[in-house]
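First subunit A sits with subunit B, and in the next complex the same chain sits with subunit C.
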Partner chain A sequence: MLGQIAYALPFLAQGFALTLWVSLLVVVLSLIAGVILGVGLVYGPTPVRWAVRIFSDTIRGIPILVLIFFVYYGLPAVGIHLQSFWAAVLALTLFKTAQVVEYLRGAVASIPKGQSEAAMAIGLTFRQRLAYVIFPQAFRRFLPPWINGVTDAVKGSALVSLLGITDLMQAINQVIGRTYEAMPLYILGALIYFAVNYALSYASRRLERRFAFIRD
Partner chain B sequence: MASSNKPPVLLDIAEVSKSFGAVNVLRSVSLTVDKGEVVTIIGPSGSGKTTLLRCVNFLESYDSGSIRIDGKEVGFRPGPARDSGARQRRSERDLASMRAETGMVFQGFNLFPHLTAAGNIMLGLTKVRGKSSAEARSIAEHWLGRVGLGHKADSLPAELSGGQQQRVGIARAVAMEPKILLLDEITSALDPELVGEVLAVVRSLAEDGMTMVMVTHEMAFARDASSRIVFMADGGVSAVGPPKEVLAAETTNERLRAFLARFRASHF
Partner chain C sequence: MGYTLNFNLIWRHFDKLWGGLLLSLELAVISIAIGIVIGLVLAVWYVSAGRVVRAIIAAYVEFIRNVPLILLVYLVFYGLPTVVDLAYSAQTSFVATLALYSGAYLVEVFRSGLEAVPRGQLDAGKAIGLTPWQRLIHVRLPTMMRITLPALSNTFISLFKDTSVASVISVPELTYGAQWINFNTFRIVEVYLVVTAMYLVTGYALLFALRLVERWYRTAR
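Take a look at the complex of A and B:
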């Protein structure tokens, strides 16, 4: 049994690498998109605010599974053909982006108005106010839910196996298909996911402590 | 009168009106402040004192009239179409650089909690004035020394008392070398025993010739430190003149007399 699993390890490792790659792409892309849209939601002119609001509410109202199938099977209908890998990354990114938008909005809204005004009063431009006054303070509130969201993204990436992409989950299923060693392999898989997310939570707690400079 | 004797007008507020929805908060307010003057605004709650100050550095826009600092219109670009209602708001960059010329000190201090006392002062110096951080640091230390906080340069706001925070707030504003300093009830949030240390700083700035417009309920201080006192009521300037005149008990201005009477009853 162990021999068979050991034999399958390189294959599992490849799946694991793909899981990490998908997660990394989703986390980075959604962070960039979410922060941009979040700033639009908080500070943008009314049409922009509405557009972001509708985007965020719609996406968050759709189960992630439906979103994945929608992107994979629905987009070709309008002439957009994506490889299953990129369809999965896009769907997960959309989902995550809507969450990042909300974290950002919440974090920025928690900063008192007087901070922006003080920053304006010394002559900082909008971008400078965000960069030097608002974001550094909002960061501490943004971090905990966002890290939570990152661990969700790692777990959620297992859904890409539904599109036939060989991530860790799919690799495990395939090895089980060959070896019939379901329990040990699922336990191994659970341990790997757990280890990654534990490491993330640990890093998050360290970061939060580092940024605990603001009284509440 | 020879114009060479009279200090130039620095702040020129002309017929400024503003409403929030249906409420007319400012009704055709006109006021000029000469260079080096200390003008104190008093008046009942809701009379528009804060709103007027906020219009001067364009934290608040105004509906009509004009506000000029050193001849330059605050908030709007000059243009022939101005009076036809087609005023054009200045660009973000333009607004920012104009705001850098007016210092503001807030009732609630509004220090940046993630920066030290020196860091609060250095931010504008480095990002707006383009000074090196070494230069900014030495300016920050100079001003912290001036407000009696030379030893607190590396303290975070949370580690300072209210009076100390407000003195950092003043240092942050004046370090930018503004043409005019706006102070809105800067001692109202302080415990009584901390008010004196903050007012002493304001007084020393006045002695240095800093042009100031302040809103305060500290009547004794207003009387001693101001060149002129403005009494606002219902969004308009109801009385203006030297402290002795405006604060005289025998004033013929009914509203002012009522205000002062109520004020004396509650504050002395």
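Take a look at the complex of A and C:
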């Protein structure tokens, strides 16, 4: 049994690398898209606000699995052909973007109004207010929940196995298909996911403590 | 492009979606009910327990919260029967998994609620001669409920959405119904539009109902 699992380790390592790659792409892309849309939600004109609000509430209101299937099977139906890898990344990124939008909105809303007014009073432009006053303060409130949410991206990435992408989850299932050692392999897989996510949530707790001196 | 929406086939097979939604709700309600019991018992135990028990409860919570639900679903359905002599249906297996999963999330919610109960309330309970058990039932749990209800509502809705993972072991809930129509009729965009609407309406209806409970709970005392 151990021999069979040892034999499968390089294959599992490849799957694990793909899990990390998908998670990294999703985290980076959703951070960019989420911050842009989040600024649109907080400061944009009414139509933009409504559009982002509807996007965010719709995406957060449906299971991530439905979103993955919608993107994966739906896009080719309307003539857009993506590799299954990119369809999976797109679906997970949409999901994560909606979360980032909410983190950003919450972080900006936690900055007292007086800060913005004071910045206006000394004649800072909108961009200067964001860059020098609002974002540096909001960043500290944004960071802990965001890092905590990175674990969601890693966990969510396990669903791409359903699209035939050989991530860690799919690699485990394939090795089980050959060796019939279901329990040891699922436990091994669980421990790998656990190690990654626990390290991330540990980092988030440390950061939260690091920024605990900030008072409202 | 040039895709024409045609919902006829969706309505013809709508029983798959409607039955699926009812099953999703059933899975959620049963799992959450068991999860609440697990969560309450472990949370109350945790706040008064010694280090060893705390470490064990924390290990359960951290393990479940850091592993993808889909892996836990596979582990219980395909893995567990290979080492223990048990036979169970996919549905039972999923309910057991989601119950353990929701239990881990609810322990955290209840625990932080219990720790937020003001010290003075417990002292007051002690001062009027309540036993520890009476203090728990009449002082700590009601106060904790009021503190945790908003967080609890969000957890419930998120767990309802998690029932979609049951489709991977062929439990015929809403997402499974969507896939069935997807593969058998190829009205792909239509079916996922309808299913998105069904999840949204159900989720927001649940949220609205839970907000009503919160308001009632706030004014009832």
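Here is the rule we use: the second predicted complex is superposed on the first by the 211 of 216 C-alpha atoms of A that agree within 3 Å, B and C clash if a C-alpha of one lies under 4 Å from a C-alpha of the other, contacts with A are read in each partner's own complex, and residues count from 1 in each chain.
To be clear about the criterion, a residue touches a chain if its C-beta (ideal position, glycine included) is under 8 Å from a C-beta of that chain, and two chains touch if they have at least 3 such contacts.
Remember, it's a predicted structure, so these values are computed and weren't measured experimentally.
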| item | value |
| --- | --- |
| Superposition on subunit A - do subunit B and subunit C clash or fit | fit |
| First, second, both or neither for A:Pro10, with subunit B first and subunit C second | neither |
| First, second, both or neither for A:Thr151, with subunit B first and subunit C second | second |
| Which of subunit B and subunit C A:Gly177 touches, first, second, both or neither | neither |
| Contacts of A:Tyr132 with subunit B and subunit C, given as first, second, both or neither | first |
| Partner chain in contact with A:Pro47 - subunit B first, subunit C second, else both or neither | neither |
| Residue contacts on subunit A - larger count, subunit B or subunit C | C |
| Smallest separation in angstrom, by C-alpha atoms, between subunit B and subunit C in the superposition | 26 |
| Doubly contacted residues of subunit A, that is, touched by subunit B and again by subunit C | none |
| In the complex, subunit B residues that touch subunit A | 57, 59, 92-93, 96-104, 106, 108, 110-114, 123-124, 127-128, 156, 158, 172-173, 176 |
| Contact footprint of subunit B on subunit A as seen in their complex | 112, 114-115, 117-126, 128, 132-133, 136-137, 213-215 |
| Parts of subunit A lying in touch with subunit C, wherever the complex brings them together | 58, 61-66, 69-70, 73-74, 77-79, 151, 154-159, 161-162, 169, 172-173, 176, 180, 182-183, 185-187, 189-190, 193-194, 197-198, 201 |
| Interface residues, subunit C side, partner subunit A - complex | 1-3, 62-63, 65-72, 74-75, 78-80, 82-83, 161-165, 167-168, 175, 178-179, 182, 186, 188-189, 192, 195-196, 199-200, 203-204 |
